[in-house]
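Listed below are the structures to be examined.
Two complexes are shown next, each including chain A; its partner changes from chain B in the first to chain C in the second.
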Partner chain A sequence: MNPLLYILSYEIKASTAGRSLFLSTSFFIIVVLTANISMNQFGIRADKNSVSILWIALAMSALLSINMIFQNDYDDGTLDWFMLSPISLETIVILKAVAHWVTTCLPMMLLTPIVCVSMGINFNSSLWILLVMMIGTPAISFISTIGSALTLGERANHLLLPIFILPTFLPILVFGIKISMLVTNSVYDSMAFLIMLAISLFCIAITPFITAIIIKVHYT
Partner chain B sequence: MTLTGHSLACKRGENLIFSEINFSVIPGSICFVKGPNGSGKSTLLRLLAGLLGTAEGLLTLDEIDITNDREIRAEKFLYLGHQNVLKQHLTVREQISFWQGITKKCYDFETDPMNVQPILNKKLHQCSEGQGRRVALARLTIEMKKFWLLDEPTASLDTANIQLFKSILEDHCSNGGSAVIATHDNIGIKPSSDIHLSLDKSSLQRNNPFI
Partner chain C sequence: MHKNSRSLWEFANPKRFVSIANKLIPWLTICTVLSMSVGIFWGVFFTPNDYRQGAAVKIIYIHVPSAFLAINIYIMMLIASVIWLIRRHHVSLLAAKAAAPIGLTMTLVAILTGAIWGKPIWGTYWAWDPRMTSFAILLMFYIGYISIWSAMEYNEKVGDLSALLCIIGSIFALLSRYAVIFWNQGLHQGASMSLDKEENISNVFYLPLLVCLLGFVSLFFTLLLIRTRTEIRIKRTTSLLRMN
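Here is the complex of A and B:
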């Protein structure tokens, strides 16, 4: 097996064994359900327009596990080991982002059709929302690596991270929410899909380099 | 393969950690880094490993300048710092099989040089400090690199396990490997050379029979 695949499966194993998977997914469900229930209290029927809650909950749950991306590796010396390994740091960042996506975003996405029921969104639309999330969430994982690298070794990072990482999710959130609202109203705008795909691919293309530079700066 | 440092210096920000460090490590020899706490032993090892930049001086391997050569260092050096490079929620078995997979080499479970057999199914966070260190040291025997850069390798090991470490170190040296070790413990091996670091930056002394 390729060493990169070994690292990827190791990363996924290490983060799922740490129960963070369970944590962010349950946070996602709790936020969505709480928001739905409290909106019902004020007489606003939680309906398809409240699909934005889904996205905000997704972004916030992804934030929960951000500092796991590099901080644990930094604490236990694995990051030193990556720095010294012949594999380039950019590749490591990509593997990290993929592992983060598989362990945090993927389980939340798979639960989306179920939580959509609580919002009165039909199954067909929820599958479309799933597709939009499939396009958007990789970018969230990749951007997260920047935040995680920036707060490396910073003790206050639990508070610092959400403050400056959440705004960077905005382009993805704006398009994600808009497209999700459109599909729940049975409007399928392929141009919006493509723009979102472009934003996502752009993030995926540049973030590994940025993150690698940040980590190198941290070491020098 | 001889590793030589020529008047190495390291700066963190404006602070000079050490300067004028000269040493040479010939195949099969061990070099101890000595000095009081805070004198820069860990910094020197990180510098040799390539995690820190060199402010001044040269590091050569058989007369070839490797001061900024990442590939050669990755191939020849194995750095083990204070941290064990272990994932807390994995079992010892999973951790070892990861190293085996990535290096395409095997840990010798038959002779079990670091005695990890009894704790194979334990998760790392259930292991004691000393057991964790043993697993970390087991990596040395898997990776088979020429130069070991070890920072307090025997920290939290008991006397029996220090003996195990001593024997893998002797094996390593008899196979032509070398090691640079920062330690306060008495491992029971006579080093062929020492690097002395002192807190007083004005009187950095050297004591090396090869220079």
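Here is the complex of A and C:
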């Protein structure tokens, strides 16, 4: 078996075997539902703000599982073997980010059409929102690896992570929310789509190198 | 390197840095006190009111210099962090660490004075205008940088992490800023004293503003030197204590 595929399948198995898959999807559903229920009580029209709630719930649920990307491997020494292996650390980071995307972002995206219908967005628009998420979420997964690498070995400082990772999601969030809002009003701005794709690809392109540098700092 | 050749990197020697800082700090303090008091008195009492904004215009003498510093201190931290990553001079890292709280304070001062000015002129303390949003973004990245220092004990590893965080922060702060500008052209007026524009504010306001700017910049350098000196002494003390 190709070693890269093996590592990828190992990563996906490791995260689905733990509870993180279940926890992040249920966190996503619960944030969206509580926000919508509480807003409906005050007579605020939910559908106008629900798109931003959807995205923020997505970003926060992605945050929940960030700790686990490198921490377990760092504790049990797997990361040491990755450092010594002929496969470059950047490749490992890419595989980790893909595994994170498959196990946290993909399940949430599959739930999105159902959640959207519950918020009064019609099914057609929710498929467009799904497309926007498809563009944005890989970048969120890749940026998450930076946060995971930065707080390696700092068990007591889990609070630290959201403080500097949540602001780095901003470019994706700003574009994602705005395009999703346009889409729910039946406006399709291809220019904005392309710029969001560019930002997402830029994040994906630079983060493996940054994360690899940060991990190497922990081993010097 | 030749023994007598002088270079900028001589100042990276902590001992030399402290002795130079000791000499500079009194002069910089005098310069700060003089130019800030002259600038603010001149601006507040000896300039006319704006014909539309009335006396509210006078907050410009604090708002513009602090906003100028808030952005430039982050750039200074970025440069210092890069120098640390490349040449591994501790003074550079400590200067970045020392500058962050000053930058945070300047960002808060700029936001607060803007809010005080905004209420009578725009009718609101805060709006999600691109310029103001970018200050909110800047505030978040300052907090992130300071939090990594406050959470961990000083060592080279944390130094590397904070320097990398500063670089990552500046990339994402810029991206977020332009992402916000893309959707919203905004309410805030253009730069008050840019060098490349035809239309700036009139000379009556410009000259005292320049003096205030000088005052704020020398205030920053005074505080930076004092704080960096303190950081160097803390580092020495802790390593001495660790030896015993």
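Criterion: the second predicted complex is superposed on the first by the 217 of 220 C-alpha atoms of A that agree within 3 Å, B and C clash if a C-alpha of one lies under 4 Å from a C-alpha of the other, contacts with A are read in each partner's own complex, and residues count from 1 in each chain.
The rule is simple: contacts are C-beta pairs under 8 Å (C-beta built on N, C-alpha and C of every residue); 3 or more make two chains touch, one makes a residue touch a chain.
Model, not experiment: these values are computed from the prediction.
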When the two structures are overlaid on chain A, which partner does A:Lys13 contact: first (chain B), second (chain C), both, or neither? first
In the overlaid three-chain picture, which partner chain does A:Pro167 touch, first (chain B) or second (chain C), both, or neither? second
Should A:Asp75 be classified as contacting the first partner (chain B), the second (chain C), both, or neither? first
Applying the touch criterion given at the start, work out whether A:Phe22 contacts chain B, chain C, both or neither, answering first, second, both or neither. neither
A:Met83 contacts which: chain B (first), chain C (second), both, neither? first
Share the list of chain A residues that count as touching for chain B in one structure and for chain C in the other. 220
Residues of chain B touching chain A in their complex? 49-53, 70-71, 73-75, 77, 79, 81-90, 94, 98, 101-102, 123
In the complex with chain C, residue positions of chain A that touch it: 146, 150, 154, 157, 160, 163-164, 167-168, 170-171, 174-175, 178, 192, 195, 199, 202, 206, 210, 213-214, 217-218, 220
Could you please specify the touching residues of chain A with respect to chain B in the complex? 1, 3, 6-7, 10, 13-14, 17-19, 72, 75-78, 80-81, 83-86, 219-220
For a test of understanding, state which residues of chain C touch chain A in their complex under the given definition. 137, 140-141, 143-145, 147-148, 151-152, 157, 160-161, 164-165, 168-169, 171-173, 175-176, 178-180, 182-183
